[in-house]
Structure formats: C-alpha cells, structure tokens
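For clarity, chains are labelled A, B, C and D in written order, and residue numbers in each chain start from 1.
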Amino acid sequence: MRIGLLTGGGDCPGLNAAIRAVVKQALGEYGHQVIGFRNGWKGVVDGDVIQLDRSNIRNILPQGGTMLGTARFHPHSAGAMDQVMATFEAERIDAVICIGGDGTLNAASKVAEQGINVIAIPKTIDNDVWGTDLSIGYHTAVNIATEAIDRIHTTAESHNRVMVVEVMGRHAGWIAVASGIAGGAEIVLAPEEPFDIERIVKFLRHRHRAHANFSIVVVAEGAEPAKGSAMDYEVQLGQFGEIIAGAVGERVAHEIQERTGFDTRLTVLGHVQRGGTPTPTDRILGSRFGVAAVDAVTAGKTNVMTALHNEEVVLVPLEDIAGKVKPVPEDLLRVARVLA
Amino acid sequence: MRIGLLTGGGDCPGLNAAIRAVVKQALGEYGHQVIGFRNGWKGVVDGDVIQLDRSNIRNILPQGGTMLGTARFHPHSAGAMDQVMATFEAERIDAVICIGGDGTLNAASKVAEQGINVIAIPKTIDNDVWGTDLSIGYHTAVNIATEAIDRIHTTAESHNRVMVVEVMGRHAGWIAVASGIAGGAEIVLAPEEPFDIERIVKFLRHRHRAHANFSIVVVAEGAEPAKGSAMDYEVQLGQFGEIIAGAVGERVAHEIQERTGFDTRLTVLGHVQRGGTPTPTDRILGSRFGVAAVDAVTAGKTNVMTALHNEEVVLVPLEDIAGKVKPVPEDLLRVARVLA
Amino acid sequence: MRIGLLTGGGDCPGLNAAIRAVVKQALGEYGHQVIGFRNGWKGVVDGDVIQLDRSNIRNILPQGGTMLGTARFHPHSAGAMDQVMATFEAERIDAVICIGGDGTLNAASKVAEQGINVIAIPKTIDNDVWGTDLSIGYHTAVNIATEAIDRIHTTAESHNRVMVVEVMGRHAGWIAVASGIAGGAEIVLAPEEPFDIERIVKFLRHRHRAHANFSIVVVAEGAEPAKGSAMDYEVQLGQFGEIIAGAVGERVAHEIQERTGFDTRLTVLGHVQRGGTPTPTDRILGSRFGVAAVDAVTAGKTNVMTALHNEEVVLVPLEDIAGKVKPVPEDLLRVARVLA
Amino acid sequence: MRIGLLTGGGDCPGLNAAIRAVVKQALGEYGHQVIGFRNGWKGVVDGDVIQLDRSNIRNILPQGGTMLGTARFHPHSAGAMDQVMATFEAERIDAVICIGGDGTLNAASKVAEQGINVIAIPKTIDNDVWGTDLSIGYHTAVNIATEAIDRIHTTAESHNRVMVVEVMGRHAGWIAVASGIAGGAEIVLAPEEPFDIERIVKFLRHRHRAHANFSIVVVAEGAEPAKGSAMDYEVQLGQFGEIIAGAVGERVAHEIQERTGFDTRLTVLGHVQRGGTPTPTDRILGSRFGVAAVDAVTAGKTNVMTALHNEEVVLVPLEDIAGKVKPVPEDLLRVARVLA
C-alpha cells in the first residue's frame, strides 16, 4: 500500500509524534510505503512529495512543529481539486492520512467525496474538534499558558495589580478554562459564557477590598460580552478569518482599569502557545493516533477520524464531525467559577 | 458541617490543589468548616488538628507535597481505631475526606465500617487505583520521567550506550509505559508483561547491528522475568513492603551488559518522581476531585471515592475498589511495543 | 543593629533569595534585627513595616517576585524625604539595604545624602546597572526569552515565516543579545547598534533565497533605527517613562512584511520575562549579595552597592554608578552577528 | 585551512553549540574547511571523519550531547599516537580544535608535543578545569540538580525526612555547592572540605529539635570524611578510575539514619545531570568558545585553551593548566554554610 501523509493548518506540538508513528507502524508492521506531502494541501497540489522512511523520523519525537511543513490552504476554495486528484494518481496513493484541524478535516471531507480514502487525525490547540476528548497540541498549550500564569502571578502579587492574560481559543475556551483553573485565576472568560463587565468589576472590587490586592484574569481570544451588557464589543477578524491577537484582552484590561482604578496590565501569549517540545501527553496521543490511523487504513476503514474516547482510541465517521464545535462542559466551567 | 481532611501515604504533586479545592468549596459554597489532620491517620490518632481557612491555602496550588503532611500509618494495623473514633467525636467530625492511595483507601474502608462518613480522593503516582482513569500525582510523575529520558537520550546517543532507566510502578507499569512511549524508549518492561531477557538481548543485538548504536530501556520497579525464563529473579521488598529502589534495574542492566557486551548504564529516578510543582493536569484533577468530594459530602453521599471516568468526575463505591489493581491496557502496551 | 530592608522598582526573580539571605545572615551570624518596608520607598514614607524573622522567609527561595512587595515610587520626586527620615528615626534604623534598579539606586543616593547609611543590591532584568557583571533577575529573563524563542522556532520553520520577538531592554540589549545567541536568532536588534531596515531586509532576502525558508528576529524594546536610515522612528514612552510594549516590534515586523513579502508575525513577551521561579544563577546571586550586604553593614561600609566582578562579590561606591548604563560589549554583539 | 574538530570524554549539554559555532565561523567568516572526527580521539585513530558544513549543524544548537559522538579514549595511553599523526597527515589537518575535559586536554598536550597545532575548548560538568571561570556543561548540570532538589524538598517536608542527594563532582564540589545554595540545602558536602559526620549529626539534631522537621543534605560524589573523624571511608573507584555512583551518598545517608534515628533517604542523580537541552548560559558559552577557537586558529595562536575570565573570552596556554584542579572558592563555601 502507498499511504499519503500531510499536516495542515496551524502547527502545534505533537505532530511529529504522529508522523513518526505513522511511518514506524506503516513500514515496520505492515510493509506499506509512506509518501509525505510538504506544506499541507499545498504540497499535494504542487506535487511536492518526499518518501518517508526511518531516517526521516530520527529524533523528531520531542520536536515541536511538523517536519513536513504546513500551510493554511484549502484546495477546494482554491479551485485546485483537479490537481489534488492528479497528484494522488501520479503518486499511486491508496489512502491519505491528514493531520489537521477544522480546515484540514473539511478539506479531507471534500477529497473523500472524490472517492479518495481518507483517515483524519485531529490536532488543534483549541481542543474544539467534535468527537474526540483530546486533539493533538492542546495539552502542551495548556502547559505553556499555565507556566505563563504562574510567572505573572508573582508580578501581580508583588505590584498589587490586576493582570489580564489573553490565551488562544476562538470558538471554545478550553485553554482559558484549563490554564485558569491550573493557574489559580480569579476570573476566566470563555466564549461559552458571554461575560458582563460590570459583574467582573464588582467581583474584583469586592475581592480587593476584602482579602487580596491582586487578581489574575484569563481571557480566551474569542470571549465576547453578553448582548446588552455594559461593554459592547464584537470579535474582530483578520484577513484569513483569524482573530486579531490582543484585541479582546486589550478591551477587557482597559475596562477593568477604567472602572476599578486598579493598576491593570495585559499579556498576550500569542505564538508561544503553539510551539516547542510537546508534553508526554501530546507525544503519546500523537503516537497512538498515528498507529491507529495506519491500522485503520490497513483494515480498509476510511472517511473516519481517530479519536480519544474514555481513554481509548476509536474511529468516528468524518461526516459526524463536520461543522461542530466541542464546547467546554458546564462542570469544568463551574470549577473555574467556584475556585475563583 | 464539620469536615475532616487528611492526606495519607507517599506524598505527590497535586495534593495541595485538592486541599485548596476542598477548603474553598466547603467554606465558600456551603459554609462548612474544615478540620485538617496532620501527617495522615497518625494525626487523627494523635489529635493533631488544624482548622483550615483561606489563609492556610494561600499560594499552595503550584506547590508539590502536602501542606498537611503525610505518613505511612494504618490505624487498624496499629490497633488505634479507638483513638480514631475518639478524635472524630472530640472534633465533632461529620464526615472525613481522605486523600490517599491503596493504604489510605483501605484505612478509609475500615473507618467507614465504624459508621464514619468517608469520601476518598485517589492519589498515587503509580496510577493503579481501580475505578478511576487518573489518580493525583501520576501525570506529573510521567512528565518528570519523560524529561529524564529525554536527557538520558542524548548521552546514550553520544556514547553509543544502552541506558537503563528504572521508574516507579510496583503492581502496574503506567509510568514506565507512558514515559517509555513519550521518551521513545526501545524497550519497556512492566509488571503486566513478565519479560524474557533473551528476547530483549536478541532485539538489542539486532537493532545495534542494523541501524542504531544506542538504546533506551525503561524498567518499572515491579517488572519481573517470566517464570522459567533465563533470568531468575523475584522482586525484593523492604521492611515496609516497599520495593528496593534500583534492585530490578541493576539486574536488568547487568544482564544486558554481560550478554551483549554493549556499554550499559543504569539510572534510578527515585524520589524526584514524586515531588515538585504539579502539572496543570494534576492541578486540575486535584481541584475537580476536591470540589466533587465536598459536593458529595454535602449531598449525603458517603463511602465513595471521587473518580475520573470519560473526562467526567463521578463517584464510585469504596467497596468496589478494595484489593483491585488497574493494569495498563493491552492497546497501550502494544503502542509501546510497535514504536520500539 | 536595626537594619531596614526594601525592594523597589519592577519586581523580578531572585529578590526573595536576597531577602532571605539578608535575614539569615543578619539574625544568624550577627544577631541584628531586620525591619522590612512594604512596597519599596512607599512603605518607608507610609511607615508600613514588618519585623522579619525566620518564619517570614520560609520557602521563599524558589519563589519569584518579592514577599515585601514593591512599587515604582521615588521619595525625592514625591517630596517625601522628610517622611522617609521620620520613619527611619521612629524605627531606629541604623542602615538600610535597598534592593532595586536605576530608580531605587538613585533614591538610595538621595537618602545617603541625608546621612543615612545605605547599602544597595542591584536588580534589573535589563542587566544595565553599571559596576556589576550581573544584576538580579537578568539571568532568569534570558532563560524565559530563550525558551520562548525555542518554541517560536518550530512554528517559524513549520510555516516558512519570519518571526519577530520583542524582548525587554530599554537602554541596553542584554536580554536580546543573550537570548538571540542562545535561541539561534538570525538577527538581533539592540539599542547599542542603531539598525538599518534595508540591510535587514537584504539579509533576509538573501538567506531565504539561498538556504532557508524562515528567520527569527529578536528586537529589544529600546532598539532604534539609525538616523537617516529608511525607517524613521523614535521610541515612544508611556506616562511613567516606560516604553510601550510592542511598539518597536510592530514597526519592525510591519516593515519586514511590506518590504520582503515574507509572512511575518510578532510576539511580544512582556511581563512573563520578569516572573516565576528564579534560575539557580539568580538564586545564588541574590544569596551572595544578601550575605555581602549584611557583612558590609556590619563592617560599617556604607553608600556602596554589592557587585559581581570576576565571579567575586565586591563593593562599589554608589556615586560611581549614578547615571551610567552598562552596554553589551562589542565582542558579544559580534558573536550574535557572526552566528546569524 | 583545514581544521580538525573533535569532542572527547563524557558528553554534556553545550557541545553542539560549540561545534555549530566552529563550523559557522570557520566557513562563513574565513572560508576554512572543518573535518569532524567521530567519537573523540578514537575517531582520529580510526580515521573516522566527516566533512562538516551548514547542513550538518542545522537545529543542533538546543540539542544536548554531541553530534560528533564521544568516547573516553586516550591515544597516548593506547599507544596510538602514530595513527593520530597518520590521520592528521592523510586529512591534511592544519590545526585541531579539541573540546573536552581533563583527559582530552591532556591528550591535546601530548599531540601538541608532536608539533600539531592544537586549540582546546574546556567542557566538564564538574567545572574544575583550571584557568577558566566556566566550562561547558556545568551550568546546565547545576540547573538539573537544583530542579531535583526543589522536587525532593516537597517530599522531605511532607514526610519529615532527611533527604540526601548525591550529585557529581569528583575533585571539586561546584555542582554540590551551587545547587545546594540554590536549592536551600541545610548541608553541603564537597571535596574541598572533608566532613565530620558527628558535626553533621549534631547540626541536624539541633535543627530538628529547634525549628524544623526535615533537612536536605547535598553530597558531591567525591566528598570524603576528615581523616581521624568518626566515619572512616575512602572514595572507591571503578575500572576506569570513575567514582562509583551512590557510594558516598549511601554511606552518608546510612550514618545519618543510624546516628539520628531520623527517617533518611538517598537520591543519586546520576546521568540525568549531563544530558538534555543546554541552558542559555551553556549555549552562549559554547558559541563564544567556538568562535574564539576559530579566530585563534586563524591568527596562528596554538597550544592554548579558550577560557572565560571576567566575562571575557581569553586564551590561556595549555601548559599552564595541566594537572591543576580549580576548587570552589572559600567565599562560596561560606555562603553555603551561613545560609544553612
């Protein structure tokens, strides 16, 4: 069998673990061949390929990023589906393993409709892919964000400040909620719960009067004020539909400073959240997903995504996932609230 | 309500997160009182108590260990159940939240039999408590072990050595398997699969002849040779029934060196695996378990253990857990094997 | 003897190590008393004091920030020198140990002019205090910045991007140069060498054409374009004379994107650079400075600053330091250049 | 010019930074060629060479170990000086840059006597090379040891134990003293000061009676009891003259347990101290030494070692170094004592 392999969308830690597992399992267990496409779907369109063997994957397990490169490129939007099919034919690809988030999974569905066998592996630091308990990259992002909050904590306390920390999370607040609980944040703002700036201000005033002289506020980049609340604001998008980093954080920090008079500072974590060596959890998740994807391909199962469900790796149909977002569950949001 | 709180058995990261959550939830949400016992069951017997409030739990979230102290002490074995009951009566305790592993849960059951309302929170870096996907401390231990293997990897490669790393895990090989996969170990020895030294030696010889000049072997302290295999060995226990650190690792390293002639070195991770700042996962787990334990106590549910099941916190009866060990599942053992 | 102790200016890791050493050495070695002032010079003016003993310094060695609190407050500018003297008299202070940067050392000089015995301990993550090889906090900041660059490196490479990272350093580029060398940055912009955006652009174009598809550019917040060069820009200051975080980085990233067409992104590290657990180097430096300051006070040496010179702790007169900035030496700037 | 390059002795973090700097500076600045020898002097004897260019050094800056491999092999002891000279002649080597510790520097001197131009770069985690303030690898080792002590601290405190931590340092106690101060150890045992177990026991008894219930004791592997003191012991050596890991630590832990009755545990850090990603300090040191070595070779200076002196890189004659050990200075030993 000749298996195609690509990574698409934003890079994140754990992709190389998945690539390594796909290659090891495909070559070692089944004797398949693995053809890598460089820079995601763009490499498929351009025919930019590399045959992968043991030497390519040496030492990549602890490395962040993706040794295949990646790009935000959608072949269907770009009107390039014909080139995709042409490359697959030229390379005699029997099935494609696509590691990616929303956009990549969406492209994978379109490709599947053309009769190509597709297996998807979910990755997104936002952790909002439907159908899987975990996506590659999320766990490392939470670690990085928590470490940053730990650092900011000592400054907040030494200077009697309100520190606002903006983290990633456009449609779901997974990173904000997890790092907020782990970092002991007083307030966590997530897209799941539109916020009321007046309640926040009231809470901070009460806290600083009663028993503290500092506070940590973690804001997901996709958090929005409740309709009709005191702060009117809509998330602004960049040219690729991306959220402008810092936009929400700046508004929130500004409002807190103005309304409370407390010395308030903003930190925007930005790109550091998606880079560097993956945590063991992301390495293991990538490894398990890679092995499972090759097992699935070999068993003739296609148009599915590998998923973690109750600690086990399972396969879910691609069509069940499309267009859905996995929100942070209420019980986790509650823990963030009650431990404030 | 007056809630007793103790931590028993070996310390580990994440205990303070649970203590903090118990106190915050009990005082803030319900207006209960929390009475801490120092040094586990020993403090109950001795009447060594401290009333816990917000000031006691300040800044403890990122701290390893337990601010209550802990001890390996079993009141029933020590014939001290009467003092336990006396202290609970003197302190007018309505229910006890016990954070601990095997031994502590066992003691909790004995106490429950005396009519005391008990809620247990599972902790053990070995992750072998039955009935819960995760126990407090395990996740941090895997992180530490993986970081150590990453470090040892560069030495193995620079010196063309076989490096044997002994990690904790007496009855189950969770740390060994997880850190072995995450660290890219060639061989993982876990109690779940008695090993055959001759197969290991054969594998290493083949690998070093074919395409590598170094190898990493991760050994759980409770790993044992298969009965009738070339290496005859039984796990030796210390005076408290503890495994002697390094005993198995030394045997395995010695056999590999002797049989292959490869330069082989042993590292015994030991106590570093159970200390230091908890990972976000352990902080969140401790926080969730602490909140859930207080909710359970308040709702009148007792003789249960908080547990993580399919990402949710649930309660399982203490009697369902007693005497059982949760082994590493076969599919994870297989990933460790196929990625070797 | 009654020794006053304060920390002033921005907080940073290692302050608590110095506080602990002052208290241990003063009480344990000489039997002095130590009176802490809260929130820097503000606490002196307000008479906000705390007598420090062994219990206050428990467990603070690995903690970032300062357990005394700090503030950006200059008693002379605030016309509060009389209150300073009044507090010192009321508390019967024989000498004051001031841990701080430029502003605090300046205030210390003014106080010394009033006849108060002053010993200064230098701290600044910018490392630009004249007369000492190292100031407390710098080393940890370099560690944090390097870790961030390591993370950003994998994203740069995976996405074929130019990543601009803005770090602290208003008058001197120590953090930028050190983290740039350690992180393998292609370009480092420091205040010591006004930059020419056209040369940068030329370098990047050549590099991306010849042998790479990504680059890392580290910019100190105080870096400025050469007079008369293509990019006209002056550093903008905030209301306290502070540099606006991100201002220079944004300009540089924008120019690179516009002039090269390469996909360019900015990360502003901000407050994380000054928080969290100190590195061993900062803990040791703080400890040595604290011990030396108490030794100096006891020996009747005053109006001096503790300094590291050729690995040894020495004392330098406060008057030698005033108004000077310690730039990055040419040989270190050259290493950053030749390893690009 | 054709420059030979090798790394000898035990591996450590920062070697790759030096290799990268040598290659970048030699090729980029001067147009020299760099011939790498694999596995230290062994590769010279065997003629195991690799021509190094930009592609070989890609991404190695943050990697521990040495991409050239290393070995403990002394050509003069092995009677292989003729092969060394033969290889240098066959490869037309104009000068050799040797990165190593005692043994390698010694071999370098022997080679220099044969008329070969030699430049040495000092590396040793023990930091005991005479003539330089810092050697490559030491700084990272201190970081690792301090992190381990931080972890062990929480266990010591939670369990009321004496924790003994054995670190490397055969002839000098640099790692023990630095990590002991940074980790807040109560007692540090270094080869520079033979210890008296009775004084240690007395100190611990007093401390545990007066104000604490735990203690940390850091022991360098080369620490020895004072002659005539209660504990009679000589350091035992392995077959290569190496200290047996754990030997001293075990003796010390045993004596403390026996004499005080306190629950006492030993952790032997071992190989983790010399692996993994280098700290920024080691990366910068390796980079500076590499650049300086190539500058020296080009300027015709030979039979010298690069050294750090008062923050500057200088050259010291090889003959000045031979047979000397750089001990921890008294003022640093004192800080370890007074902060106990």
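Quick note on the criterion: a contact is a pair of C-beta atoms (placed from the backbone, for glycine too) under 8 Å apart; a residue touches a chain by one contact, two chains touch by 3 or more.
Note that the coordinates shown come from a computational prediction; the quantities given were computed from them, not determined experimentally.
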item	value
Angular offset of subunit B relative to subunit C [C-alpha, multiple of 5 degrees]	180
Chain whose mean Cα position lies farthest from subunit D	A
Between subunit C and subunit B, distance of the C-alpha-averaged centres to the nearest whole Å	41
Chain centre separation in whole Å, for subunit D relative to subunit B (CA means)	34
Gap in Å, rounded to a whole number, between the CA centres of subunit B and subunit A	30
Multi-chain contact sites of subunit B, meaning residues that touch two or more partners	150
In the complex, subunit A residues that touch subunit C	7, 10-11, 13, 15, 39, 63-66, 69-71, 144, 147-148, 150-155, 157-160, 163, 265-268, 270-272, 274-276
Contacting residues of subunit C [partner subunit D, same complex]	20-21, 24-25, 28-29, 54, 61-62, 133, 139, 142-143, 146, 150, 178-179, 181-184, 211, 277, 279-281, 283-284, 287-288, 291, 309-313, 329, 331-332, 334-335, 338-339
